[in-house]
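In the two complexes that follow, subunit A is the common piece, with subunit B as its partner first and subunit C second.
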Partner chain A sequence: MDFSVLLTDIPTLLVVVLGVPAVLAAYIVGGEFLVRRLPDANRPQVRPWIWVGPAIFLVAAILLIPAISTAVQSVQDNQGNFVGLSNYATQFSDFPNGGAWVAIRNNIIIWLIFYTLFTLAFGLVLAVLFDRVQYETVVKSLIFMPMAISSVALGVIWKFMYWYQPAGSDQTGTMNAIVTFFRHDPVAWLQDQWPNGIAVLNNLALIGAATWGITGFSMVILSAALKGIPGELLEAARVDGAGELTVFRRVIFPLMMPTIVVVGTTLVIFALKAFDVVYVMTNGNYNTDVLAFRMYNLLYLSHNPAGASAVAIILLVAVIPVLVFNLRQFRAVEARR
Partner chain B sequence: MSVAAARQVESTAVRFSPKWISERLGRVGLHVAVIGLTLAWVVPTLGLLISSFRPFAAIATSGWWTALAPPYQWTLDNYSQVLDPATSNLGTAIFNSFMVAIPSTVIPVTIAAFAAYAFAWMKFPARDWIFLAFVGLLAVPLQLTFIPISKFFVDHGIVPDNLSSLGLPPWLGLWLAHAGYGLPFSTYLLANFFRALPSDLFESAEIDGAGTLTVFFRIILPLSVPALASLVIFQFLWVWNDLLVALIYVGGAPEVAPLTVNLANLTNSLGQGYQLLTAAAFFSMIVPLAVFLSLQRYFVRGILAGSVKG
Partner chain C sequence: MHSSSLVRALVVAVAAVLTAVACGTSSTANAGTVHVIAVWSGAEQASFMAVLKPFEDQTGIKVQYEASRDEDAILTTRVGAGNPPDLAAAPGPQLLTSFAKQGKVVALNSAIDMNAYQANYSKSWIDLGEPLKDGKLYQIYSWAAVKGLIWYNPKNFQAKGYNVPKSWDDLMALQSQIKGTGTTPWCVALESGSASGWPASDWLKEIVLSQSGPDVYDKWVAGTQKWTSPEIKQAYTTWGQILGTNDGNVYGGKQFMLATNFGDVGTPMFASPPKCYMLNQASFITSFFTKANPALQPSTDFNFFPLPDINSQYAGAHVVAGDAFSMFKDTPQARKLMQYLTTAAAQTIWVKRGGKISPNKQTSLDAYPDVLSKETAAILVNTNIGRYDATDNMPADMKAAAWKSLLDFVSNQNNLDSILANLDKIQATAYK
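On to the complex of A and B.
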């Protein structure tokens, strides 16, 4: 490796690593110093704003105001003239294959349903199975490991898994090796728009890759919930003659429902924001477009910020039920405090 | 002796009863399922790992599993190529990733700790409403913010080229963006943690004449090391693994692009550099896997603390 880049840049790295915390610490110490100059009565009025100020400023500048300005831009054209809902009309035109329809269908139907269901189902099955073996920690780590790597690396891994060679030649992709082992023709996982151009198969292939990466997340949370179920409850059910399946269906599953719902809402957000896997694996081709990717393309390929804003707002509208749910959940927890 | 024989007869009877057999089979089935599922989970990564040690010509013509049987064709060529500055920007990309990830972790976690202290232990107007707004923003897609922010950054010269010509770090805009995006989650997590600390602790410290700063730095921060550790790991990995935000605010120029962008460029440029892909993907995983394996407990705790990140 060329280490010269590191040698020339190590001063920069040091300045950044030491400088950034120094600035932040100087801010809060300086702020307190100023507050102490104030008369006693005014201190409690000023002090909180010193502490909370930077956070409010950054969140307003980076999240809140830009979000509002995107909403405004979505009803303007690219020159800033008010055009009403025509950007949305363009995105919603030519059902079912024009505008944003393919991305909407992939994102809000296929990704939302299958990504969430697959991840919850795998997470639940793994949590319940692993709970019964002594080497739980080891297998959990292995399932959880993909959580640490980037979606780009995940995309590379799965591109090789799904690799397709025409029938007759040696398959180098694991999935097609399995498929041809069972005397089936190799499948072009990422290109095949089965059935008939509706493109469910290749979208499911992408979702499968994404699910592989995120299952560790749902497994860990569900497993913690599972361990929170009192052992006496399960014992009592078993003593009464319930089989393991009944215990799972009638005792474990209902008790875990609140956790499943919370994990599910988080997964819904992840599903709606899907981008990296699509970008790396299919680049949105073969009808695998999703909203985040469409927005990126409108912005950087078509130079159409107005259209991109409309797509972003469509994404926000899809997220709003989750947002409302989160807020209600939060208030319910607060009320119990 | 007769007692021992009797016991043995009895235990044999128990051992081969239908119930015992079905339980044993159930145990075997359980282990087969657990190990089978785990292996299935490991195979994709294992396949790429093995491929990364195979010659490029072999990767293109036969599956990775053929490398497990003779003739063995292992090689380190992919790794030596990916480490060679003539064929790859990997060294710069790793450096850039650190330069992006470290400040993008330090800034939001520190600012969030200040804010969380105020939310948890100070009184100010609209406090609960502002906190509620933070919770609401957890779910807002980042996509909503890209257009106005990148326009603002371009209009005000907060772009890599201009920043480096001014002698400033080219990632400044990206740091601020990551800081803003990370704040709602960080503040939410830390405020919940700070609030759960016993209040007598600060009250007695304040009676002893400790100022706000002393309470914060000497009492709250040391007590919050577990929460801070999970948050730091979480935010670091999130930024390290991020592709989209980096693409938007610094783009793909090799001088500033982090590893994920570098790797994504390799995957999309089919012919050129494609043989580097396997080894480069493994390099991109080293840091997150090391962080994850050494600090797994904190990472999992962070996730359990309620990870709904926007």
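On to the complex of A and C.
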């Protein structure tokens, strides 16, 4: 075993392990020292900034400044000359099959609607049903388990699930084994652009794989919200003669609504930044491209950072309404308390 | 109790570090290391390691090898961050050429023994290593592959009384003869992760070169031959004839072609009864045949014939490809390894292990482990019109679009005109 590589990094390691805490401690002690020098009246105005300072610095350094330089790069060409909106024009050219349109459609229609809907629906149904059984913890752990699998492994597993062999051969993929059992021809799930080249089927196949991975997340949070509903309310409804479905529709569902909205908006953001499943399973071929993958390809395959920046900004703009809605919702919930 | 075990742990840690210091200084004090990135993993990585072994033993230089199938992204990131490897090998020159354009790779003219290199390599390989045409050598080629070989199972051919086609017409006749018996003549598999579609581009390149000749081919690579031009369109439709209407000449049709990994292309051909009789793939595919089925023997179970000439005017035209090396950091150790990789001695090690052909003239034909690879090597030596893999020499955007276009063509051959029009659009911007 050759440890020489490790040794060359020891000074760096020392700086990180000892230096960073030392600098932080010096900053806090020094800051407090300076604040103490101020007149009493001014201290409350200055002190919060001293403490928030490092956080603001970090957010600026790793989030705000890169975002601004991405926006700047998106209106330049790759040599740094200002070109106005031509990078965006390229992305929005040739509707409906050119530019970024296929990725936009997949992201903003197919992924956003179905991924969010499937995950919420499965999560809610599982949470409500498992609430009523003895072995709740066991099944919930099982459903939650895919969350522990990396997206790449998930993609590989589902690639095997969707494996295709021509009709007449043994089907080694689970999905095609089921389909052929019902005397239907095997389906090339990831390549088949049903219906008629619009590519809903293969996009749904990708979303199915992604949903399997994330359902546990929505189930666990919704289940926690369900447990938070006071038993008296449910009992009162039942005493008043409400059936189980009515109880769910009129009592449980409205009370869980804030949680459902929060989980839903989080899932929308997940849907918009979908990348790994597409990268592993189809590589954006057969009309399954998504914006994050297009950005990656423009940057690494085409060596076109300006175009990639434009796609990044399009993605950012698509996410902003969701963020605003999420914040408003959060405030509304706070106000009601 | 608690504190004493902590002390013990500390002592062990310090001892470990000191031992590491001792080891580190003793083994790599003067010789140094070379960091190499390439795409070879698994069996190919083992072969590359075998090539490096004598170099490490003789010089004491340690080679740190890193394998990645996503080499484009890794190299772009590392070069962009100012942290490139010393050397990188790529399965095509395009990526390395783009770094040469940015001035990120070192010219090799003074780094290796140019006289020996010029003596041992044919001019076309050297020209290929000077992509900027400024008299500077940026890439060397250590191994090569011949593209456009049609593989078949001689036992199946014998059982049915089929003959190896000598001309394009023979091939077309054989194709319809096999089709007539109710079996599909061809196996085609196009899935290859981020490079899906490239096996189809092998067909296209061979057809363009053999049908329309080297001039059209060169203009096509350079981006001055339009994709909508009659020559390129004809190449697509010729491949469409091989695939048949609705891909009916290919086992499993378009679904199987798109969903199957290129390495598994031979599986249906070796099934009993065979589900197809022929497939087109470069010389490396034999390692996939024998990996999937170790009982298969070259010559008796699988053999090849070169794709017949389409236009007799361009007889003996072949597309070749190779592994290009570039040097990113000019260190004495990197120079030594670069020099070593140009030698027949280094290349012969992998040649003997199978799957690769050496472009170095000094490599003996006897080094090839079996009859087939020797024949392939002979084809490489005797090629009349040799051209490097076209898509690998196009800009990355164009290459990716070309691969994708073939997937789209397979999905629906009727869309050819719009597919080609779209390629023209990409051609107009990709070469800037």
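Keep in mind that, in the parts below, the second predicted complex is superposed on the first by the 269 of 337 C-alpha atoms of A that agree within 3 Å, B and C clash if a C-alpha of one lies under 4 Å from a C-alpha of the other, contacts with A are read in each partner's own complex, and residues count from 1 in each chain.
FYI, a residue touches a chain if its C-beta (ideal position, glycine included) is under 8 Å from a C-beta of that chain, and two chains touch if they have at least 3 such contacts.
Keep in mind that what you see is a predicted model, and the values were worked out from it rather than measured.
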Let me test your reading of the model: by the given contact rule, A:T119 touches which partner, first (subunit B), second (subunit C), both or neither? neither
Is the number of subunit A residues in contact higher for subunit B or for subunit C? B
For A:N106, decide between first (touching subunit B), second (touching subunit C), both and neither. neither
Using the touch definition from the top, say if A:N87 reaches subunit B (first), subunit C (second), both or neither. neither
On the A-aligned overlay, A:L327 touches which partner chain: subunit B = first, subunit C = second, or both, or neither? first
Please indicate which partner A:N202 is in contact with in the superposed arrangement: first for subunit B, second for subunit C, both, or neither. neither
Is A:T174 touching anything from subunit B or subunit C once the two structures are fitted on A? First, second, both or neither. first
Does subunit B (first) or subunit C (second) touch A:Q191, or do both, or does neither? second
Have a look at where A:N285 lands relative to subunit B and subunit C in the superposition and call it first, second, both or neither. second
Could you list which residues of subunit A make contact with subunit B in one structure and with subunit C in the other? 1-3, 6, 279, 283, 296, 299
Of all residues in subunit A, which touch subunit B in the complex? 1-3, 5-6, 9, 12-13, 16-17, 20-21, 24-25, 28-29, 32, 36, 44-45, 47-49, 51-52, 54-56, 58-59, 61-67, 69-71, 73, 125-126, 129-130, 132-133, 139, 141-153, 155-161, 170-174, 177, 212, 215, 217, 220-221, 224, 262, 265-266, 269, 272-273, 275-276, 279-280, 283, 291-292, 295-296, 299, 305, 308-309, 311-313, 315-316, 319, 322-323, 326-327, 330-331
For the subunit A and subunit C complex, residues of the former touching the latter: 1-4, 6-7, 98, 163-166, 186, 188, 190-193, 197, 279, 283, 285-286, 296-297, 299-304
Mind pulling up the subunit C residues that touch subunit A in the complex? 17, 19-21, 23-25, 27-28, 62, 72-73, 76-77, 98, 193-194, 196-197, 251-256, 258-260, 396-397, 400, 404, 407, 411-412, 422, 425, 430
In the complex, go through subunit B and note every residue touching subunit A. 30-31, 33-35, 37-38, 41-45, 47-48, 51, 59-65, 83-85, 90-92, 95, 98-99, 102-103, 106-108, 110-112, 114-115, 117-119, 122-124, 127, 130, 132-149, 151, 169, 176-177, 179-181, 183-184, 187, 211-213, 216, 237, 240-244, 247-248, 259-260, 263-264, 267-268, 277-278, 281, 284-285, 288-289, 291-293, 296, 299-300, 303-304, 306-308, 310
